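Working notes for the structure below.
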Amino acid sequence: MNTFGQLFRVTTFGESHGPAIGCVIDGCPPGIALDPEDFRHDLGRRASGRTRHTSQRHEDDVVEILSGVFEGMSTGTPIALLIRNVDARSKDYARIAGQYRPGHADYTYSRKYGIRDPRGGGRSSARETTMRVAAGVVAKKWLAERHRIVVRACVAQIGTRKPAQMDWDAVERNPLFWPDANEVADIEAMLDALRKSGDSLGARIDVIADGVPAGWGEPVYGKLDAELAAALMSINAVKGVEIGAGFDAVAQRGTEHRDAMTPQGFESNRAGGILGGISSGQRLRCSVAFKPTSSLRLPVASVDVEGHPVEVVTTGRHDPCVGLRAPPICEAMVALVLIDQALRHRAQCGDVIHDIPGVPAGKE
Amino acid sequence: MNTFGQLFRVTTFGESHGPAIGCVIDGCPPGIALDPEDFRHDLGRRASGRTRHTSQRHEDDVVEILSGVFEGMSTGTPIALLIRNVDARSKDYARIAGQYRPGHADYTYSRKYGIRDPRGGGRSSARETTMRVAAGVVAKKWLAERHRIVVRACVAQIGTRKPAQMDWDAVERNPLFWPDANEVADIEAMLDALRKSGDSLGARIDVIADGVPAGWGEPVYGKLDAELAAALMSINAVKGVEIGAGFDAVAQRGTEHRDAMTPQGFESNRAGGILGGISSGQRLRCSVAFKPTSSLRLPVASVDVEGHPVEVVTTGRHDPCVGLRAPPICEAMVALVLIDQALRHRAQCGDVIHDIPGVPAGKE
Amino acid sequence: MNTFGQLFRVTTFGESHGPAIGCVIDGCPPGIALDPEDFRHDLGRRASGRTRHTSQRHEDDVVEILSGVFEGMSTGTPIALLIRNVDARSKDYARIAGQYRPGHADYTYSRKYGIRDPRGGGRSSARETTMRVAAGVVAKKWLAERHRIVVRACVAQIGTRKPAQMDWDAVERNPLFWPDANEVADIEAMLDALRKSGDSLGARIDVIADGVPAGWGEPVYGKLDAELAAALMSINAVKGVEIGAGFDAVAQRGTEHRDAMTPQGFESNRAGGILGGISSGQRLRCSVAFKPTSSLRLPVASVDVEGHPVEVVTTGRHDPCVGLRAPPICEAMVALVLIDQALRHRAQCGDVIHDIPGVPAGKE
Amino acid sequence: MNTFGQLFRVTTFGESHGPAIGCVIDGCPPGIALDPEDFRHDLGRRASGRTRHTSQRHEDDVVEILSGVFEGMSTGTPIALLIRNVDARSKDYARIAGQYRPGHADYTYSRKYGIRDPRGGGRSSARETTMRVAAGVVAKKWLAERHRIVVRACVAQIGTRKPAQMDWDAVERNPLFWPDANEVADIEAMLDALRKSGDSLGARIDVIADGVPAGWGEPVYGKLDAELAAALMSINAVKGVEIGAGFDAVAQRGTEHRDAMTPQGFESNRAGGILGGISSGQRLRCSVAFKPTSSLRLPVASVDVEGHPVEVVTTGRHDPCVGLRAPPICEAMVALVLIDQALRHRAQCGDVIHDIPGVPAGKE
């Protein structure tokens, strides 16, 4: 289960402090122009050490394309991508190999496998998400070129702090993916204080996809929203996923929630662009809850591998708010779901001819 | 994609107003005692017409076992279950065959397939969830007999109304799955008023599983929480899924969120029983957001299949709060995820011998 | 694993003497005209009791369509097909419930599952192949309408007897699927003698598909020939599968085996229409070896379920040459592989534009 | 579809003359001791350049373990293996980039993908089988340690030449995998003459597995024999697969073919160790037909990529009999099927308790 997707299949491998991480992308359509440079932008957006607010581990994250590309074009055969780990300081973690870090996968990996690689969290480290982003680059490229689809994500909340305005154009102009340019300095000050305190905060990430045509998604168990939920929930530290109105729908009335339709388009988008598990042609809207980092220099009670009580203090490099690096990862997972559903859709419904009029996307 | 699960695989079929609905359960362990009577309890809990607050369609929902059971025991071959549709009033829906009901899958099915069965919503009807519940009965039986696992769900919120106390024992003593016995009369009054108004409300369902051993779940893309998210999000009308603290984790600090461990067990359960995608041995905790029913007798703007504006009014039988029938469905989906992960776990890790002490479940 | 296919997925269920057999076809393209009558022809070709040379069990094999079809057209949702078992004489088999029939799955099912349905072979009965043929009808229809593909099979050998000529037009004009019309009376006499002797014979079935375009098949593990091999080997009683020259290739020289290409087409077809796992545009050619029936009235040594030696004599209805009913089953399996590969091909390569000339099919 | 297996999943990547080939093994049980040295033996057995009768391309084939192994033990996370290509002489192939080699995948890859990597056959090269052998090493290790299963293969026929005796002990004592030690010099002379002639020959490979317990295999479409057929047919140049008696079963009578059972074991093994798709506890027996190499220095008619007639002559390094390198590949594929079925069996049937006596393996 280190493979994601049914037709556009991504298999990732590698541990945080092992020799390398990598992935194999199988089922990729042929004829996509691909170059190692293509990965630089999104990997840079995800990278740690990008601001003073994220972990100071520096990985160059240079992607080597091992297969599946000939003279700069995808050939339809598996695309293998490799990144060597160069800045893996395993000694930082040696001390806690005999302990379980609360809030981490240390204990559960031990219970499952009877063995674990403790160096930097091994396979359960967020380092694995690098390859999701890399695979997402290929998916985004195809979605953009073939369907003009754009997938974007922003930090929509840190702790209790929400942006006053939602300006998608502002998001990429600051390293915090914050959608209100006026507040960036404020947020940076808040994060500085947080880091100084030794504690951490959770975050909410909003992800949207524009340009998704109506008709993608496979009822009943392969619903577009079900697969988005799995994709996003599979990211480290995620505790919740919403589509459209999400949990706000609980308190809404039917007359309020349902999105009226007119020849000019949908009147609202509380559904988040999905009805019955199938895209409606509106903007796709998801929200994701990231928990606060558990690895802190502030001590916490735990047990060691022999069952004795210990106090755990983490001194390695960690993010005070893991959500700050999450937007490119969320985008990647949404893009991977979309390309997979797109291929599945044309497999089954490639011959469908519509003689009925479509409804425009309408209001978002 | 009408199949759920990898090893314990459930394939459902059938439309709301077609001749029958059914499912095939493949990969079921042999030796489980099974009788048509086993399905009566949970199907009764899901059935419409159980209270005056749910749709008045009456289905007997008598399950016929067509295969896979010999002399009352599962044989390891596919178990086919069939329920004939007997109270399907298609004429109620004839009028709106040419229109799209806002908030429903009518439009998206048409866009995807170029054709749709409009009778009662066809395949997109909640009628399909009957077979999820039926398959869940088999899963629950195995989980209880083999692992003493109990899966339960309740209605934890209707609209803005939350129960004053969370008494799991009270849940099954009232037809609303409400966890505070003192409030049931109140809630019923609220629902009567709601039905009279012609409007509907959303609901929040909480699901728990007790007794899940540590070690179930497959990183990285088959994480237990990722599969729970997909399973629950695939239920009709669901807009959000949370594990443990869920979206509350956004506002929490790391020192607050991480669950300390002691030789006596976990000190809290904000993780919801899952760490790194693998069960920790604690209670599994999920929450699910159900949107309010969109089919109302209060009119809404829409378009017909030729793109002209129309006003849609639904006069058929509908639930003012679909969440009221959801607990057994949510339980079933969680049970299906658990049995599948249990089988996958023993496939890969069946030989793991632990010489390390386990941590008790601790506080919930 | 009672599901076949990746995108066009067929799940079968049912035991020989249970209440019913059936299947669910998921992933079927929408818009195919389907009627219960469509199944009559091929089910009739497979049916026992069609000649005096096959088992005298009479099944009407009337297919009920339970879902997935609306007003005579497939809707893209799962198509469930059901056939009630009406002539299941379980008493014939009661005596051998405590014994293992050599050459049958009795013993291995018991070892695997610890329990088995002994009535008529239960799930391991060839009765299951009825639903393969039914699902194949849908596949054949799409292949014919969408791609003008025709799949045909014949009996190419019974025991040591081979037809003097290979006349595909003759095959459907006699109930033995024999490709030489002049020999049919001869073969019938041979079969009468065989049945009288109480013994049985094996058979070789040839299957061809005309009209398959170049480009179908997924290297490396989803090769077209690999999937054909699995599909055909999964049929009861099959012991060998060949593509093109098959085992004759062992004794061939490279200069003899390789099929030369010219602008007018391939010069020969020893490859059987597949190169590197991908169709070449030539006729697809497979051969299948069916073993002789093991259930005979001539006694054989065996053991009972307590391990004691017994003599097994089978008095039920059985075919002296199971191969005589195999052609429609082989055709169905080939058709199921082809439609699945066709859908997978257009998923990945739907945008491929060829500016290079194709090579005509050429000689067969 | 570059992934093989359902629970023990092997994904391979890489082209013949690309930077590297590799694989990812997912779902591997934890706790298997693994070292790069473990791969040397089988990779050496498969390697070209091992005798003067195989292609003179020299690859060191040194395996780098990139992940999934910690302190010499498998951890249950994906095992990535990498081999750099060091002796890839692409210039040998430059001339035929514009032509299609008859008997090769050049034409079909072009038709499928619209683009192909012509260097050394790209992805369709037998170079890919290196990673099958590497993955097979891990499978064999687990099968041997956990179940004492031994998988072996030999060359059972070259052209029309068959060994006089079948001595499994002799097989590994000569580089031709020939089962009659007295004939090795003869065969070498035959191969020298063949190479000198510029032509090639097909071969038949026999594969056996001893120690497979009764009960492995998943009816109906995941039958052990069906999966073996797919696994073996997926190897480059294979045109036929037989289980047990194979095509000889066509000419056999039922009284001759069925294997009688006694308390002392089976009286024969024409079934090849599989009944109803499930292992019987007897020796597993398969045969595989390999076609003769198509790439020869003797000219053949073909077309170029513009459709014009050309004469193709191959001057690169090629095997006059590809079957000579096939035994380790066949063993690997059988081992991969067996470990996957073993894991699936214990997933579903891990709790089956047999109170019935088993039948010993008996005669082979």
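A, B, C and D label the chains in the order they appear, each numbered from 1.
Quick note on the criterion: a contact is a pair of C-beta atoms (placed from the backbone, for glycine too) under 8 Å apart; a residue touches a chain by one contact, two chains touch by 3 or more.
Quantities reported herein were computed from a predicted structural model and do not represent experimental measurements.
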| item | value |
| --- | --- |
| Farthest-lying chain, centroid of Cα atoms versus that of chain D | B |
| Chain pair with more C-beta contacts, A-D versus C-D | C-D |
| Euclidean distance of C-alpha centroids - chain A vs chain D, Å | 39 |
| Whole-Å gap separating chain A and chain C, where each centre is the average of the chain's CA atoms | 45 |
| Chain centre separation in whole Å, for chain D relative to chain C (CA means) | 26 |
| In chain C, residues with contacts to at least two other chains | 1-3, 12, 27, 30-31, 76-77, 112-114, 123, 219, 344, 349, 352 |
| Sites on chain C touched by chain A in the complex | 6-7, 27-31, 76-77, 146, 219, 343-344, 346-352 |
| Complex interface listing, chain D residues touching chain C | 1-4, 12, 100, 102-105, 107-114, 123-124, 128, 157-160, 199-204, 214-223, 225-234, 236, 238-247, 249-263, 267, 270-272, 274-281, 289-296, 298, 300-303, 305-309, 344-345, 349, 352-354, 356-359 |
| Of chain D, residues touching chain A in the complex | 1-3, 9, 11-15, 18-22, 24, 26-27, 30-31, 64, 66-68, 70, 73, 75-80, 82, 112-117, 122-123 |
